[in-house]
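We call the chains A, B, C and D, going by the order they appear; numbering starts again at 1 in every chain.
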Amino acid sequence: MTDIPRPGRPAVLGQNQYGKAENRVVRITRNGATHHIKDLNVSVALSGDMDEVHYSGSNATVLPTDTTKHTVFAFAKEYGIESAEQFGIHLARHFVTSQEPIHRARVRVEEYAWERIGTSGAREAEHSFVRKGQETRLTQVTYDGDTWEVVSGLKDLVVMNSTDSEFRGYVKDEYTTLPEAYDRILATEVSARWRFNWTGDAQEAPDWETSYEETRRHLLQAFAETYSFSLQQTLYRMGARIIDHRGEIDEVRFSLPNRHHFLVDLEPFGLENDNEVYLAADRPYGLIEATVLRDGREARIPADLTNL
Amino acid sequence: MTDIPRPGRPAVLGQNQYGKAENRVVRITRNGATHHIKDLNVSVALSGDMDEVHYSGSNATVLPTDTTKHTVFAFAKEYGIESAEQFGIHLARHFVTSQEPIHRARVRVEEYAWERIGTSGAREAEHSFVRKGQETRLTQVTYDGDTWEVVSGLKDLVVMNSTDSEFRGYVKDEYTTLPEAYDRILATEVSARWRFNWTGDAQEAPDWETSYEETRRHLLQAFAETYSFSLQQTLYRMGARIIDHRGEIDEVRFSLPNRHHFLVDLEPFGLENDNEVYLAADRPYGLIEATVLRDGREARIPADLTNL
Amino acid sequence: MTDIPRPGRPAVLGQNQYGKAENRVVRITRNGATHHIKDLNVSVALSGDMDEVHYSGSNATVLPTDTTKHTVFAFAKEYGIESAEQFGIHLARHFVTSQEPIHRARVRVEEYAWERIGTSGAREAEHSFVRKGQETRLTQVTYDGDTWEVVSGLKDLVVMNSTDSEFRGYVKDEYTTLPEAYDRILATEVSARWRFNWTGDAQEAPDWETSYEETRRHLLQAFAETYSFSLQQTLYRMGARIIDHRGEIDEVRFSLPNRHHFLVDLEPFGLENDNEVYLAADRPYGLIEATVLRDGREARIPADLTNL
Amino acid sequence: MTDIPRPGRPAVLGQNQYGKAENRVVRITRNGATHHIKDLNVSVALSGDMDEVHYSGSNATVLPTDTTKHTVFAFAKEYGIESAEQFGIHLARHFVTSQEPIHRARVRVEEYAWERIGTSGAREAEHSFVRKGQETRLTQVTYDGDTWEVVSGLKDLVVMNSTDSEFRGYVKDEYTTLPEAYDRILATEVSARWRFNWTGDAQEAPDWETSYEETRRHLLQAFAETYSFSLQQTLYRMGARIIDHRGEIDEVRFSLPNRHHFLVDLEPFGLENDNEVYLAADRPYGLIEATVLRDGREARIPADLTNL
C-alpha cells in the first residue's frame, strides 16, 4: 500500500456515505387467519469516521453493507413494521447508537400498497392480495445522534383535469408561437416530499399512517378543486392545502412534469375537434418544481428530488 | 435502382407487416359537466401486396404510417371509443375495406384505467381523475376481410397469497437441493390473453366492457380461492374458471413469473422466522406458461406473449 | 383435492412450458494472468408430461425450476462457455436426455459484450473490463430429442443514415397529409433474429462466434450502403445480404421501429433549416417487420419477436 | 380569483424553477459529403420573479416552456453544437440576459455518442452511424447573470475487475456473518459528476471536448490500476487521479453501486468453483457515494446525484 496518496496531497475527501440499497422486505403479520402485509424497499446510508477506508483501504471502521442488509430483515422481525417512518426510525437509531464510528444514518423507504382480493366466499380474502399499483409511498429518516428529520412523500401519482385549466397572458419573445389556451387538459405525474416538524424524542411523534392518508387526500382534492391558470398555481394550491390542514408538516416540495395532451388538428379530415381527441405526448415536457413552506420555517428539502 | 436484388435471387420475402405503433390517444366524452375518459395506446399493423416496396423500394401500394396515425385520431372523433375492442374493429375494417392492396389488419390496444378523485365538494369530481395504475388492459383485433379474431387480456396485475401454498413431491436429480415447502408465499405478475369465439359480423358481438370486468373478477377469485400445490395448478384453475363462466371465451394463455419471496434465515441472529419476514427477489424467477382451452377448440394464441 | 376439475370437464390444457428465467451467469476463464469474460442471461423452458401438475397439482414429473438454475451454473463450470449457442446446446441436451418426462427444452440466452480497459501500464489490462453497452446478442436453442433449431440475433442496435433516404410515391387517401421527402434521416433500432440450417448432430456445427461477427457486419454494411426509398427496402437489403453471404443461415426476421427525426420548422424565427436540426421523436413510430428467407426454405421464426 | 390564498397566510413560496425538459435535438453538420452528429437531450430550468404565477396564476412574467423548447432548436441552428457545455452556456446566457424576470438559468444536457459504420466501400461511411451505447455524457450549466458553474460527468459506465480486489478487516457486530474475501470480482456502474473551476467570462474556458475524453480516460485507468481493498478506496483513487491530472476540475462526486457478483457454491454438485462461476445479482446492492475535491476548495455538488 506504499504508493497510495495520503492527505496532504491535492485531493481530499468530502461528504461520503455508504450502505446497502434496495432491500426488498415483505413482512406478514397474522391476526388469526387474517394476514396483513407491509411491502417495503429499504435503503440505508451511513456516514462517520470513514477517512481511512477511502485513503488507505483500511476497513477498521466499516460495518459491511451485508450487515446493514441483515439488520433490516432482523428488525422487521424484532420490531415489526408499524409504518415506514417508524421502521426507519428504529433502524437509524440502531446504526448511530450501536456503532461508534457512525455519526449519521439516513434510511429511505419505498412502500407498495396492497388491497384484499374480493372473493365469492369468505375464507380466502383473509390472505389474498392484489397490488394497488398506484403511487409509491416514500419516506426518508435522518438521524445524527441528536436531531431527527423525517421527510415523507409519494411519486408516480398521475392525475388529470379534463377542463377548468387555462394558459394565457404570458410573456412573448421572438421564439414564442404558442397560442393562448382557454380550455385545456391539465395532467401531471405528482412527485412530492413533505417534511415533518417532529425533530426529537421529547416531542410526540405524528400518527404516520393517518398523516399519509390525509396529506394524500388534501393533495388530490386541491388538484381537483383548483380552477387552474397555470401548473405553478395548481402546485402552490396543493402545497398550501397541506400546510393549512396538516400542522405536523412544515414544508412540501413538488416536481410536476406537465404531461402535455395536445388537441389533435382534425380539420384536414373535415372534422371539428371540440376538446374531444387528444394526443398524449412523451417528450419534451414542461417541468414545474417548487417548495411551499410554513411561514417563518426554513426550507430543507433539496431542489432536485431523487427517485428513491 | 439497377443493382437491387429481385426475386429469383436466393433471398425472398416472407411474412411482413407495417404500420404506426403506439398512438397515444385520449378521448374525452362530455355528459353535461360530467366527463368520461378513454386513454389508449393503439398500434396498427397492415399486410398485403407489399412485395415491391421490399424488393425495389416502390411505394405504390404503401399507405404511409403517418396516415394510419391520422386515421386512429380521426376515428376517435368519428366513432368515439365505446371499448378498446370495438374501436379496434372500426379501424381494422377500415384499412382492409378501403385499401385494395391491404389484405389484413391487426390493431393492438393498451388501455389505462382512470378513477374519479373524491372531492369535498361535488362540482370538481365531474372532470378530475387519478390514474388507477393497476393492470394494463389489452386487446388485439385481426381482420382479413372475412374473419375476425379478437384476443383481449391484461398485464402487470401483481397478486399474492400469503399462505395456502405448498411445493413438494417433485423430481430430484443430482442438481436438486431445494427443500420441500409446506407453507409458502405464492406471488405472481399476471399476464393473460383470452380469445373470443366471436368471428364474424353475422354473430352477435359480446359486451366487451362487461366481459372484461367479469373475466378479470373470475381470474382474481380463482387465484384467491385455490389452495395451491404448484403455480401450474393455480394457473390451470384460473383459466378453467374463465372457460367455465364466460361462454364467449374459448382459450386463455397465461405467462406467470413466480415472484419468489424467500423466507429470510434469522437464526444466526437468535431469531425465529415463523413465516413473517421475506426477501422479495428479482432474478432469476420461475416462469410458468400455459394455455387453457375449451374442449374441442383449437389453440391460436402464440406460446410467447409479446409485451404490447 | 376432491373438488379439482379433471379432464372431461370443458377446460383442457394446451401448450405449456416452465423453467427458471433470467439466470445471470458470469464465467471467468484465466489464461495465466489474462482473464476472459462471458456474461450471459440464461432462461430455460421445459415441456413434456406435465398434465397432472396442472390438473391435480401433483409434482411427480416436475423438475423444480430451482434445479434448472443450479444446472445452468454447474454447466458453466463443467463445460465452460465457448459461445452462447454451444452453451445452450449443452443445457437443452441435458434436460431432454436426462429426464424422461421432459420432451422438449428451449434455452434462451442474452449476451453482454465487454472490452478491455486501455491502461497506461500492461499488468492491469489483463483483468479490467468495461461493458461495451451496444447491442445485446441473443440466441435460442430448441431441442426435442431429435432435431435442433438454433435462432440467434441481436437487439438494441441503433443506427442512422443522415442522408441517402427518400420517401415518396406512396398511396394518398383522405387521411394523408404527409409531404413527400427527398432527403431525410433514416434511423432505427435493429431487432433481428436469424435461423441456422444446422439441425442435427450428424451435421457439422457452424463456428458460432465467427458467424455472429460476420452476420452483424453484413447487416450494418447493408444498412450503410443502401440508398433507401423506404425502410422496407432497407430491411430487405439487410436480410438479403445475410442470406447471400452466410450459407449457414436460412431465414432472417427483422423488427425495425422507424425512429423518426423530424426536421424542425425554424421559419417563424427567421432561420432556414437545411437538413441540420432535427427533433428525435419517441412515440408514435412506424414499425416495419418482415422475414427474408432463402428461396425454397420454410419460415419458422414467429412474426412477433419477443424481447428476451 | 377572489378565494386564492395570498402571502400573509401560513403557506409561502420557496425555491422554484420551471422550463421544458428533455428536448431531444439532433444536429447534423456537413463537411462536404462527410456528416457529423451531435445528439443531445436538453433540459432548461429557469428561476426569477415568479411569485405571482404561483400565488394568483398571473403569467405576466412567465416565458412559456414551449418557447424554451423553440429556443433550444433555434440555437442549435444559429450557434451549432461545438460541445454540450458550450451549447448550454449559449442557452443559459440567453435566458438570463434577454428576460428581465429571469435571474437564473440551469441547462442540463445528456449526450449520446455515435461512431461511423465501417463499410466495404468508402462513400457510405461518410454519413452512416451506429450509436455507441456505452456511457451517457452529462453536463449542467448554471448562470445567475454574474457567475457560471459548469458540472459535467457521465452515467451508466459499467466496469469490472475480475481479480485484485479484497474485502476484509471490517467491523463485526451481532448481525455480521459475511466471510472475508481475499479475491473477489469488483464491478460497478459509474455515475460521476465533476465541477470545473471556470466561473466567468474573463477566464479562458477549458477545451470541453478534450477535458471530457481525458477525464474519462483517467477515471477508467484508475479503476483498472488500483488493487482494491474496498470500493471506497477505489472511488477515492478514481477521484484523486482526476484532481491530480486535470487542473480545470476542482471537485468530483461519485455514486457507485456495488454490482455484486456472488461466487456460486457448486460443492453440492461435486464441483470446485475456483473463482470461475458467478451469479450477477440485482438487488440489494452496496451503494458507495463520496466527493473528492482539490484541497482548499469548497464542495458544491449535491450529495444525491439526480438521474438527468
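Rule of thumb we're sticking to: a residue touches a chain if its C-beta (ideal position, glycine included) is under 8 Å from a C-beta of that chain, and two chains touch if they have at least 3 such contacts.
In this text, all values refer to a predicted model and were calculated from it rather than measured experimentally.
*Asks:* Go through the assembly and pull out the chains touching chain A as well as chain D.
*Replies:* Touching chain A as well as chain D, we find B, C.
*Asks:* Does B-D or C-D have more contacting C-beta pairs?
*Replies:* C-D
*Asks:* Please tell me the distance, in whole Å, between the geometric centres of chain C and chain D computed from their C-alpha atoms.
*Replies:* 30
*Asks:* Please report how many Å separate the Cα centroid of chain B from that of chain C, as a whole number.
*Replies:* Roughly 22 Å, centre to centre.
*Asks:* Suppose each chain is reduced to the average of its Cα coordinates; what separation in Å results between chain B and chain D?
*Replies:* Distance between chain centres: 37 Å.
*Asks:* Do you know which chain A residues sit against two or more other chains?
*Replies:* 23-24, 70, 74, 175, 177, 268-269, 282-283
*Asks:* Going by the contact rule set out above, which residues of chain B touch chain C in the complex?
*Replies:* On the chain B side, the touching residues are 1, 4-5, 9-24, 43, 45, 50, 53-67, 69-71, 74, 98-99, 101, 167-173, 175-178, 228-230, 232-233, 235-237, 239-240, 243-244, 251, 253, 257-258, 283-295, 299, 302-307.
*Asks:* Mind pulling up the chain A residues that touch chain C in the complex?
*Replies:* Residues in contact with chain C: 174-175, 177, 268-269, 282-283.
*Asks:* Please give the residue numbers of chain A that touch chain B in the complex, ascending.
*Replies:* Listed in rising order, the residues are 23-29, 35, 37, 39, 70, 73-74, 76-78, 114, 117-121, 124-125, 127-135, 156-164, 185, 217, 220-221, 223-225, 261, 264, 266, 268-269, 271, 273, 275-282.
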